[in-house]
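Multiple structures follow.
Next come two complexes built around subunit A: one with subunit B, the other with subunit C.
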Partner chain A sequence: MKTKLMTTLIAATFTVGAQAQTGPIRVGVVTPLSGTYAGIGQQVKWGLDLAAKEINGGGGVMGRQIELIYEDEEANPAVAVQKAEKLFQVGKVDFLTGTVNSGSTLAVGQVAERNNRLIATTVSFADSITADKCSANVFRVNARAGMQSAALADWMASTKPNANVFYLGPDYEMGRSTVAAFKSAAESKGAKTVGEVFAPLDNKDYSPFFGQMRSARPTVIYTSVAGNDTVRLFTQMAEFGLNRNVQVVGASGTVTSQNLKAIGSAADGFVTGVGYSTSIDSAENKKFVASFEAANKAQPDLYGADSYGVLFFYKAAVEKAKSTDTDKVRTAMRGLQWATPQGIKTMRAGDHQAMQDMYAVKVNGGKFEIVGKVAAATAIGPDACTKF
Partner chain B sequence: MHDQAKPSAQAPSASRYFTWLFFLGALVFALGAGLVGDVFFLRLATEALIFGGLALSVDLLLGRVGLLPLGQALFFGLGAYVSALVLKEWHNSFWLSVTVSLVASALAGLVGGIVAIRAKGVYFALISFGLAQVVSKVVFNTRDLGASDGIIGVPGAAIFPGLTSADPIGFFLVTLATIFGLYCGLTYLMETPFGRQLSAIRTNEHRIPFLGFDPWRYKLLAFVVAACIAGLSGALYPMLRGFVSPELMFFQVSGNAVINVIVGGTGTLIGSLYGSTLLTGLKSVVGSFTAHHQIVIGLLFVVVVIVFPRGLIGYLSPLLQRRLSFRHATGRGGQ
Partner chain C sequence: MSSALDWLQFVLAPQMVNGLSIGVAVVLMALGLTIIFGLLDVINMAHGEFYAIGAYGAVALIGLGMSFWWALALTPLLMAVLGYVTERGLIQRVFHSKDRHTLTLLLTFGVGIVLEDVLKIVFGANPLRVEAPITGATELVGLFFPNYRLFVMAVGGLLIVAVWVLVFRTSLGAIVRAAAFDRYMSASLGVPISRVYAATFAFGVALAGISGVLLAPIYSVFPTMGRDFVLIAFSVVIIGGMGSIKGAVLAGLLLTQVQSISSLFISPVWNDPLLFGIMVLVLMWRPQGLYGKLGNA
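Here is the complex of A and B:
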C-alpha cells in the first residue's frame, strides 16, 4: 500500500516535470534561510524576488515566466547537496543559484555536473571556485576575493605608495589565506611587510598585540577579522590611539552594515575593496536601490545586488541561446555581457568568473563612500582554470 | 530505558516483525523506485540509511550501555574523510576504503574511549562532545584536508565489476545490505554474554565488580564497536555524495543522531533506523514548505518525548507483542 502511494507520488512528480517544458522557467534557490548566514540568505532572496518580479512584469524570458523555488541549505554542504538534488530531480529546475559558503557552492557544483545542469553563485568569495576547483557547470557573477584584494591594493599603491604594512588576521584557515592573498597583491605593488600577527578567533583583548604593532611603525594596518571581533579590535585600537596617523584597511567582510553601528566612529577612515556599493553613481544603480528599498524596507548590500543581477544574466543567456538546454545556455553564457546595478559585467569564458569594475570604499560617518575604482580587466587577474 | 517484554517461549517477537518490516519495506521501495526510474528518493533513502547507521551506534551506547554520546559524529566524519581520501588519492575500491575507514575508526575509538569512558553521565556526554569539537575544528583549519571547503571530486567507489556507488539503486542495495549486516551483528552481539554485561552495566554499574567483572573493559569495547559502526556508515557518505566537509563532524550531526534514536525508540536498535528514515524524509518534505522546518522537527521531538517516552518502536513494540502473545496463546488453546 505504502509503496503504491509512493509510486503514484513519484509518477505524479514526473508528470509535473514533463509539463515544465512549456510552463514557467524554474529557477532553484538553495540558500541559508535559517542559522548563522540567514542574514545573507535574506539579501539573496530579496534580490532574486525583485529581479523575478521585474522580469515577469516585463514579459518574462522568451514569453515564459520565471518561477523561483527556495530550499533552506542551513549553510551546510551536506544539506545543500540534498536540496540541490531534489530541485534538479523532482523540482525539474532549469538553473540553480543561491549557495553562500564556498563549501556548499563547490559541493552543489558537483551535483550540477552529475545532473547536467548549470548553477551560479552570487555570494561565495573563495578564489578556488573559479580557479583550481572550477567546473564547466559553475558560474560566478560576484567578485572573488582576489578581485577585492586587487582593488584595495591598487588604491593603497596610489594613495600610500610603498607603504609599510602590518597584518593582523584571525587565526584560522580563511583568515590566514585572506591575509596571504592581500599580502602578495600589496607586495607586487611595492608595499613592504613590517609585521604579521594572528589573533585567536573571538578574541576579547587585542592589547597584547599592540606593542608589536606600534614598534613596527606601520603606515598601513591590514586586518581580516570579522563580525564582533572587528568591533572589539577597532574600539580598542581607538582607545590606545593606535589608529592615529595610520591608515586602516581590511577585507570586505571586516566592516559591514551589520557591525558598523556597533563600531561607531572608530570605523571612520577604514577602507576596503568591494564589488558593489549603494553609492555607485549610475542611473541603473539608483533605480535598483530605490525599488529594492521600496520592496524590502532595507538597503541592498553586495549580496542583494549580485543576486538581483544573476537572473538578468540567466535571462540574457537563455534569450541568446533561444533555449534552456544546458549545453546551449553554457555556450551562450561564455563571454556574455549583461547589465547589472554595477554596470556592464562580462562572463569570462575561460574560468566562468564575471569581470566587473571594482571599488575601494571608505567608511565616513557610518556610510561607505567610493574613493577609488579599478577597471574590470585590471582587477580580475589571470585565468587559472584548466578543467575546460 | 529499555525493557522489552520478553516474549513467551514460542510467541514470535514483535521487534523481529519490525525488523523484517523495515528491511523488506526497503526492498519493496527499491523495487518501486527502480521501476519508475527514480533517482532522488533512492539517494535520499540511501542517505537516511547511512545516518541510520550512525544512529545505530548511538543507540548501542545510549540504549544498551546508558552512555549519552554527544560527539558520535566525530567517528562518522572520520570514516567519511578517510574513505574520501582513500577513494580520491589511492584507489577507488569500495572494499579498500571501507577496510581502511574501519581500522581508522577502531583506533580512534580506542583512543577516544580511553579518554571518555572514565567519565560517567553528563561528564561522558561533555567529553565526547568536546572531542568532536576539537577534531572538527582541527579539520576545519587544515588546508591539506580542504579546510572549511572540505574535499570535493571524490570518485564513485567500485563495488563489484560493473557496479559503482554512482548507480542509485545498486548503491542503495549495497548500503541496505551493509546496514542490515551491522544491525544483525549488533543484535547477535547483544545476545552474547558481552551484551548481557552491557545490560547489567546500564542497570547498576556498581554491582558489576561484585560479580567478578571489570565494567570499564566492557564499556571500552562497546565504545570501540560504536565507533566502528559510525565510521563504517560515514565511509559510505562520500561514495553517495562525492564530497566530505567538516560539517559532517559538527554537533548538528551528533545531535540529529541522538534525536533519531530517541524518536525511534532508545534501546530497540531497529528504532534508530526507523527514526533516521522518518526524520530524513520529514526534513526533506517539510523543508520545501517552510524555512522554519527546525521548529517542526523540534516540536515533533518534544511531542514524541512527552507522548511516547520510549519512542515509536518502544511504544508500538509492546502493543504488537501483546497481540502476538494473545493470538499465540489462543491459537495454542484451540489445538
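Here is the complex of A and C:
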C-alpha cells in the first residue's frame, strides 16, 4: 500500500516536472510600477520587455519561450514580499527579478530562500545585499554603491589630487552610508575631509549651510541628495556662486534624466561614478541603445540597461546548466560570464556580485560624457560575504 | 576678539540675512492664511496648493512666451478669479452649516489633494524650472548675496506693507474689518457680506499665488511643493494669533531667525521639532497667540 502511494507520488512529481520543462520559462518581475520609484520601474520593464522579445525571437532559451509576469510592488518591501510569495506559489515562476528599493530586494531574497528559488536585482545599490546580508539565492547584476564610489574616487584622485572635500548628504540611512562610503574611498586615495553636513530630506533652502561650506574652502563638494533636493541644492549653489572654482561630484542617483532638465546649466560639470552610460563606445551598446529607443521612444539609463542584461544572464546560466532546477542554475551562475551592453560581466562566485568596468561620467550641456574608466577587478573591492 | 568679529560678520550675519529671505517667503504665505482665517473663520488647508498653482501658472505663462514680469503681474489676477470661484462654488455651500469649522477644514483639505493630483496629471511629476529674471550677486561688507533674493525681499516687504495699508488705512479694509468684527451688524448696515467673503478669500489666494511666482526660481516647481511652506505658515499663524496680520509678520520673521541661528549650533534636522515645539508651548500658555484677531486689531 505504502509502496504504491510512493510510486504514484513519484510518478506525479515526474509528470509535473516534465510539464514544467516544456512550457514557457516563467520569469516573475516584482517592480514599482506606481509611486515614487515608478520612473525606475518603467526603465526596468522597458529593458526586460526588449530582452525577452529578442531572446524569444531568436528561439528562446533551450527552445522554450520566456514569459514575463509583472507585479507592482509600489516601492514597499511589505508589498514586494506578498507579490513575490504569490509569484512563487501561484505563478510558479522559475526565476524572479525587478526589485528596486534595497529593502525590497533583501526581503524578497528571504522569500526566495524559503521557496528555494533564485532572484537577481538589477537596480538596488546597498552594498549589504552582496556583503554582510548576502544570500545563496540572491544575485546582483548591477554595480553596487561601493563600486560607484571607487570609480568616482579614482577619477578624483587623478584629476584633483589631494583634494579638500566637503560632504553634504540627506539625513537618513542612504545619505549617511553614501557619504561614509565615498569618504573612505576618497581618503584612501589622499583626499582630505574639510567638513560635512547632513540636511533634512525635502529641504527647501540650502543657503543656511553655505556659510559653513564657504568657510571650509573646499576644492571638491560631494553630495548624495536626490530628486527635487538636487534641483534646489544645485540651483541655490549657482545662485550664491558656490560652485565657482569648485568641482561638484556626487552619488549616481543625484543627477538623473528625471531632474536634469530642471537643474539646467547648474548641473554642468557634475561628475559621478556609474556602471552604465549610453555613450559607452561599443557595437553592443550602440545596437542596444538604438533598439531601446526604437521600442520605447526614450533613452535607456543604467536601470534599463542592467534589466535588459539580467535575462541574458539567466539565459546563459540555464543553457550552461541544461536545466531550470534551482541548484543546477545556481552552480552555473557562479563565475558565469555573459555579454551585456556594458561588455562582458562576470558573476563573482563568492558573493554573487557582478564584476564590471565602472565609469566616471560628467554632465555637459544636458548629456553625460564618460571622463574616466576603472577596470572591473579594481572597482569591486574585497568579498565580504561569509554566508555560503 | 577679531575672531569673534569675524564670526559675527562671516557666519552669523549671512545666516541672519538668509533667515530673513526665508522669513519674507513664510510671511507672504502666512498673510493669506491669516486674512482668510481672520475674516471667514476658515482654516484653508489648500493654501499650499494655491501657492503651487501660482508657481505652475508662471511656468505656463512663460511657456506661452510671456516674460517673467508679465507672469508675475498676471498670475495673481488669475489666482484671484480661481479663489473667488472656489469660495462661491464650494466653501459658501458648507459655510452656513453648524459644523462650519470641521466642514470647511475637510473641504479645503480635499480640494488641496485634488489640486495636487491635477497638477501632477497636467504638468507631470518631474520638477520644472523657472529662470530667475535677475541674475548675479551683490557683495555687501563681505556678504555675498544673490540679487534675485534681494529683489524678492524688497517686493515681499512692499507687499506686506501694502496689505497692511489696504486692511487698516482704506475704506475697503474698514469694510473687511467690520465684517470680521460683527457680520450681522455689518450686513444690516448694507455691507454685501457674501461678496466681501469671496473677495477676501480671493485676495488670500492671490497672495499665495504671487508667493508661488516669486519663489519659483529659488525653490523650483513640482506638484508637492505646496507642502513646503504651508506647515511653517500654519504655525506662524497660530503663534502670531489666528487672524492677526501683525502677529503673522512678527512670528514669521522671528521663527525663521530662530531656525537660521539655531542651525549654526544644532543639526538642521531639529528645525521642525524646534518650530512645532514652540507652537505647542504657545498653545499651552497663550492659546490666542501673540496678538488677537483681525476684527479686534
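Criterion: the second predicted complex is superposed on the first by the 368 of 388 C-alpha atoms of A that agree within 3 Å, B and C clash if a C-alpha of one lies under 4 Å from a C-alpha of the other, contacts with A are read in each partner's own complex, and residues count from 1 in each chain.
Here is the rule we go by: a contact is a pair of C-beta atoms (placed from the backbone, for glycine too) under 8 Å apart; a residue touches a chain by one contact, two chains touch by 3 or more.
None of the values given here were measured: they were computed from a predicted structure.
Undergrad: Which holds for A:82: it touches subunit B only (first), subunit C only (second), both, or neither?
TA: first
Undergrad: On the A-aligned overlay, A:110 touches which partner chain: subunit B = first, subunit C = second, or both, or neither?
TA: In the superposition, A:110 contacts subunit B only.
Undergrad: Look at A:297 in the shared chain and tell me whether it touches subunit B only, subunit C only, both, or neither; answer first, second, both or neither.
TA: Neither partner.
Undergrad: After lining up the shared chain so the two structures overlap, which partner does A:244 touch, if you call subunit B first and subunit C second: first, second, both or neither?
TA: Neither partner.
Undergrad: One more residue to check, A:387. First (subunit B), second (subunit C), both or neither?
TA: Neither: A:387 stays clear of subunit B and subunit C.
Undergrad: Show which residues of subunit C lie in contact with subunit A when the two form their complex.
TA: Interface residues on subunit C, with respect to subunit A: 10-11, 14-15, 18-19, 21-22, 125-129, 131-132, 137, 144-146, 148-149, 217-222, 228-229, 259-260, 263, 267-269, 271-272.
Undergrad: Mind listing the subunit B positions that touch subunit A in their complex?
TA: Subunit B reaches subunit A through residues 25, 28-29, 31-33, 35-36, 38-41, 43-44, 47, 140-143, 147-150, 152-153, 166, 241-243, 245, 247-248, 250, 252-253, 284, 287-288, 291-294.
Undergrad: Mind listing the subunit A positions that touch subunit C in their complex?
TA: By the definition above, subunit A touches subunit C via 39, 171, 197-200, 202-205, 207-212, 214-215, 227-228, 231-232, 235-236, 239-241, 258-259, 261-264.
Undergrad: Any idea which subunit A residues touch subunit B in the complex?
TA: Touching subunit B: residues 2-4, 6-7, 10-11, 14, 33-34, 70-72, 76-78, 81-83, 85-86, 88-90, 101-103, 106-107, 109-110, 114, 126, 128, 133, 172-174, 177 of subunit A.
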